[in-house]
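Naming follows writing order (A, B, C, D and E), and every chain is counted from residue 1.
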Amino acid sequence: AEPKTSFKIGWSIYAGWMPWPYAEQAGIVKKWADKYGIEIQIVQVNDYVESVTQYAAGQLDGVTVANMDALTIPAAQGHDTTAIIVGDYSNGNDGVLLKGSDQLSAIKGRQVNLVELSVSHYLLARALEKEGLALTDVRTVNTADADIASAFTSPQVTAAVAWNPQLTTMMQQPDAHLVFSSKDIPGEILDLLVVDTKAVEANPNLGKALAGIWYETLALMEQQNEAGAKARAAMAELAGTTPAMFDSQLATTFLYVDPKAAVEATRSPTLIENMTRVRDFSFAQGLFGQGASSADAIGMAFPGGKTLGDTNNITLRFDDSFMQMAADGAL
Amino acid sequence: MTALLSFKDVWVEYGDKIVLERINLTIEEGAFVSVIGPSGAGKSSLLRLALGQEAPTRGTILLDDIPLAPECGPDRGVVFQHYSVFPHLTALGNVMFGLECAQSPLLAKLTGAARRQAREEAAAMLEEVGLKEAMHSYPAQMSGGMQQRLAIAQALIKRPRILLLDEPFGALDPGIRNDMHQLITRLWTDYKLTVIMVTHDIGEAFKLGTRVLTLDKWRHDPHAPHRYGAKVVYDIPLERNKQESLSQDDATQPLSIVPDDAGITIDRFDNN
Amino acid sequence: MRWVNRHVSRSRSAMMGAIPIVLLVVLYLVIAAERHAANPSDKILPLPGAMVEAMWGLLFVPDQLSGRLLFWADTLASLQRLFLGLGISTLSALLVGLLLGLLPPVRATFGTLVTGIAVIPPIALLPILFIAFGLGETAKVALIVIGIAPFMIRDIAGHVAALPREQILKAQTLGASTWQLMIRVALPQVLPRLIEAVRLSLGPAWVFLISAEAIAADIGLGYRIFLVRRYLAMDVILPYVAWIALLAAVLDMILVWTNRKAFPWAHGGRR
Amino acid sequence: MTALLSFKDVWVEYGDKIVLERINLTIEEGAFVSVIGPSGAGKSSLLRLALGQEAPTRGTILLDDIPLAPECGPDRGVVFQHYSVFPHLTALGNVMFGLECAQSPLLAKLTGAARRQAREEAAAMLEEVGLKEAMHSYPAQMSGGMQQRLAIAQALIKRPRILLLDEPFGALDPGIRNDMHQLITRLWTDYKLTVIMVTHDIGEAFKLGTRVLTLDKWRHDPHAPHRYGAKVVYDIPLERNKQESLSQDDATQPLSIVPDDAGITIDRFDNN
Amino acid sequence: MRWVNRHVSRSRSAMMGAIPIVLLVVLYLVIAAERHAANPSDKILPLPGAMVEAMWGLLFVPDQLSGRLLFWADTLASLQRLFLGLGISTLSALLVGLLLGLLPPVRATFGTLVTGIAVIPPIALLPILFIAFGLGETAKVALIVIGIAPFMIRDIAGHVAALPREQILKAQTLGASTWQLMIRVALPQVLPRLIEAVRLSLGPAWVFLISAEAIAADIGLGYRIFLVRRYLAMDVILPYVAWIALLAAVLDMILVWTNRKAFPWAHGGRR
């Protein structure tokens, strides 16, 4: 059969993913897609969770997602997923906020609003761990990500975990203190572009085109000149915010602008270390689903043939080959 | 003449209240039956049975010797006591409705020549009931008597085999009422209809009917008022009015012998 | 016999009503089985076995953290919110609806406002709701009330305004004051319609309840659905939705029954 | 006697259709005015004006020499042509309603002795109209005539100063109708009511009234049927029936001189 | 004069209707000013100046990339979805409602199903909905239809079933078949109520539209509201909500007007 040539890539609003819609509107997507003889549609899904579940359900061929969610949503469901771009890690884009205290320890016994079972939940667990507390020491209240900013204005809410752009908004509250952030656990919260393994195996041009788009756009937006500023301003507008706000969000996002750095991060053993931590937390929270009997239930593969967990059930793969091509200028 | 409609040991009960009791009645084709009786006796109930609107609690009703389905159809026309017409149609639309249903099974709307003809026919009928000038009025814009006449026109235009009238002329002044008498008698003779008419006007009952039925409670127990239902207590044939004798004659001649009501309304109160 | 006249007895009616539902269930099973034949780990249309398994824990195994039976705790929490919201809405619909429907000056003054509130999607104004009502139970009940009360008010007001003019006049000739007219003529006649309005609002009420629970909650049927939604755990979502539908259907039946029993005059017609 | 209600150059128009035209009328306290006229003439419209249900297009109506507010109150009682009663109350509840409103401003519900007394009064009134046994029935369970009697009982129990009746006895058989005549005449004399009654029964009009008004179009233009409205074409005082003369007398005596309707209904058709 | 009888002329009515709205606006301004006095950077209740500023760009400055005026593009997209959803719902309500209301066997068979669908909160089924209809326009329109059509169907069916029995009988004696009864007696009489039902559904329709746009969209009024909500940009949200209310109110007025003009018989009573 003819390999599939038309693909849908979903994205949702997050500082580290804004290059995608910009590339689409600036014609970069079309340029690369044409080059590789395929069609790529960049689809915005307003709700982050929905974008990932839609990918898991097969409605999208690729999606922008955090490492933990890639593992617990599509991969845990047996949807064989390949991360072809490691775009950035959160370097302060996620944080724990408290009202009335700048000490993390004050969180004990409080009610914490956050998007449950998300990276926020993970961040909270890591924060509590560092403080010698357990998740049972707080009461979590599931709060939708679009509403968490306004929820935090309510006097009833005294602790919350959120990511950007909401986090920036919430920090502007007079009484809010950032007591823990992803800066404290660098590299653990990764923002990826994942695609359906079968799709990219059947048509590697997809991977090539996406890598081409990504690094061209990153290079453009990193320019410290008028063109770069214009690109960033456009992204800010797409994200519904101002250029200044957007820049401040970028500052807490560690973008792997250089493909070489991305390749390096993907190959480094810390990735395996971090993924182990993520998966142990996920398993403890029951995120692998009812069928999973151990943290090893879901297998992961890394560059260089390294694996983690059940090798017979590998559903999440980190593939550095396309980033490598970008680094080599071979696209 | 043959039996068109027959009631065989028919009872109507609401809960433990007996309304009609052991009604045995045969109505011949072409008869004009006037039904009189005190308020609440069950006259309207009897008409509802004949219409097929309600099924009797016990007993059977035969139409052409076939048990009557609890369903009404175009063979029976009706004017209800609370004359109801279609509020969303003008007078003309109300009268044309029957014609349209018959001639246009799919849309019940006529066009072109057929429409013009139906319109003319309906307009003629409206003129006969004195509503020519209110042709384009909606029922809500009409007086009580006008709505009643509209209901009559609507039923008459179909020339149904059996016409069931529940106090059809109650809201009309004597002049118009007289015209209606002429109209109904003419249609009855011309189309050999069978008419059952409930009325409170005993003069009217005797003037128009070939037979006058009186419904009333046959016994009254003051301690258990609902125990006994109404029966046909008088059944007076009036040869004089029969269609044959009328055919050469003028149907609207005033009747000289209108019985006094005293003899007919037996126990006026406590009939409910 | 013409279809309009085909009366259906109550027992047959129940049987006939079950047919399409059974058919839908069978259709679901067939499609689910097919999908599972193609992909045994399909999560979108789970087979009954998976649902039973997933629900078992929620139904009968106490939660590790709280020690509660989650399913029942969810149900209880949601029903409590629902009834509170419905109760407040019904009362205010009755009150405001009567005033609005009966008194032209009140209608002139507040009709536009009620229409305005009715058409403003409350979920768009959540931030303001959070400020006004906080994030606890009040906010959830408030969302239900704001969501359905304006609709019910308008429905009741419309019904009161449509009472035959003759009745209003007649009551006045019998010496009724505006107040007496309201409580003795309009109120009792509008009660059957109020129950009808509650029935019609049940669906929207659940919608707002679930939206509220999706936004901020730690228990409730809607909370659970939105929590497991991210894993596309249809084996939990579908039984939960079915359970909501069942609860709502039972409520609906109770309302219909109440209407018939409580207001014989409205149903004791000639039919 | 003094003028209770006066119409001064009153017109009623619906759009460009003139219904009532230049009505000048003075009704004295204690009068019993019968109104007759062809269907659609505007009799009900006249009552609606007196009731305050509608305001005239032109002209003024004075009650006790004060302009009538477009509002009806307990001084005026009414029985509508389409007799309407409260569907959610039983017969008893319907009749008691007026008493309850008067005695219990807050809840319009009585308790204890007051309730028992109101109940008795209402039951007595129901018995007078022959509905004793249907006391606990809802209107939907009653026949047409029973509902009409209920509406009469409901209006009469309040003994209003002015009683407006629109064909109040239309759905009743002669026996019950006669009883109603007695009842209304008795109440009229006992309580010195003023009654305006629309009827189609000319005998009834002359039997009960102290004055008979005939409403009709005064001119008819076939090309512009709506151009001319109805006026009072006859206004016949009947000294004989006046309250003074009746006080010792029996009000229900049959009248010997009932004029033929031919002289009164002038142009029967095309009145609409 | 008793309050029931105080008729209010149309022009006065418009004036009186404006009073509470003006009062609310004033109340808002006072509270907002107070909050700003306490905290000049308060974002939750912005002052009019901030709103004008925030809206200016959306209203009049073309978007850099797409060249569209965002506000108008949002409005257009949302209205398109709304009208499609309303249209489909109205048509199906008319069709199914007539059948359900008029034919007892159909009611027996499908009544339960419609009730069941009506009480299932479609929000709970969102994941399935997006899977079934994709992330495009269809899913959004479908959510509106699933959200409001069952309610409208039940309302219309109830209204048809409440038509006076005499009319149904009379039509049959005039020779009307079931079909003719449906199109000539029930249909025209139910049309005014259908418009009423559309009016009552406008609010819920907006709710569902906004919910759909909140989850998967890249344009639309709801999308914009949820997009900027991350920044607590009430200076955009409030004007958007006001705009939605205005659009809905205008629609409502058009419907009322249509009802009066198109069905004179339903309003030409004696009143």
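In this section, a contact is a pair of C-beta atoms (placed from the backbone, for glycine too) under 8 Å apart; a residue touches a chain by one contact, two chains touch by 3 or more.
Since this is a predicted model, take the numbers as computed values, not measurements.
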Next item on the list: Quickly list, by label, the chains bordering both subunit C and subunit E.
Entry: A, B, D
Checklist line | Two chains sharing the most C-beta contacts | finding: C-E
Margin query: Report the chain whose CA-based centre is farthest from the CA-based centre of subunit B.
Written below: A
Next item on the list: State the chain with the largest centre-to-centre distance from subunit D, centres being mean CA positions.
Entry: A
Check: How many angstrom between the C-alpha centroids of subunit E and subunit A?
Finding: 37
Check: Whole-Å distance, subunit A centre to subunit D centre, using C-alpha means?
Finding: 83
Checklist line | Cα-centroid distance, subunit A relative to subunit B, in whole angstrom | finding: 82
Check: How far is the middle of subunit C from the middle of subunit D, if each middle is the mean of its Cα atoms, in Å?
Finding: 48
Notebook entry, point to check: Residue numbers in subunit B touching 2 or more other chains?
Noted result: 53, 71, 82, 141
Note to self: Can you pull out the residues of subunit C that are in contact with at least two other chains?
What the structure shows: 2, 5, 44, 126-127, 131, 165, 172, 177, 214, 229, 232, 269-270
Note to self: Where in subunit A do residues touch at least two different other chains?
What the structure shows: 53, 57, 147, 149-150, 153
Next item on the list: Could you list each pair of chains that touch one another?
Entry: A-C, A-E, B-C, B-D, B-E, C-D, C-E, D-E
Check: Inside the complex, what are the residues of subunit D that reach subunit E?
Finding: 48, 53-54, 69-71
Notebook entry, point to check: Which part of subunit B faces subunit D closely enough to touch in the complex?
Noted result: 14, 36-40, 42-44, 81-82, 130-134, 137, 141-146, 148-149, 166-167, 170-177, 179, 200, 202, 225-226, 261, 265, 268-272
Next item on the list: Would you tell me which residues of subunit A are touching subunit C in their complex?
Entry: 49, 52-53, 56-57, 69, 72-73, 76-78, 113, 116-118, 136, 139-144, 147, 149-151, 153-157, 287, 289-290
Next item on the list: Can you check the complex and tell me which residues of subunit E touch subunit A?
Entry: 39, 41, 43-44, 63-66, 126-127, 130-131, 134-135, 213-218, 223-224, 226-233
Item checked: Complex contact set, residues of subunit A against subunit E -> 10, 13, 22, 25-26, 43-47, 50-51, 53-54, 57, 59-60, 145-147, 149-150, 153, 165-166, 169, 172, 174, 233-234, 237-241, 245
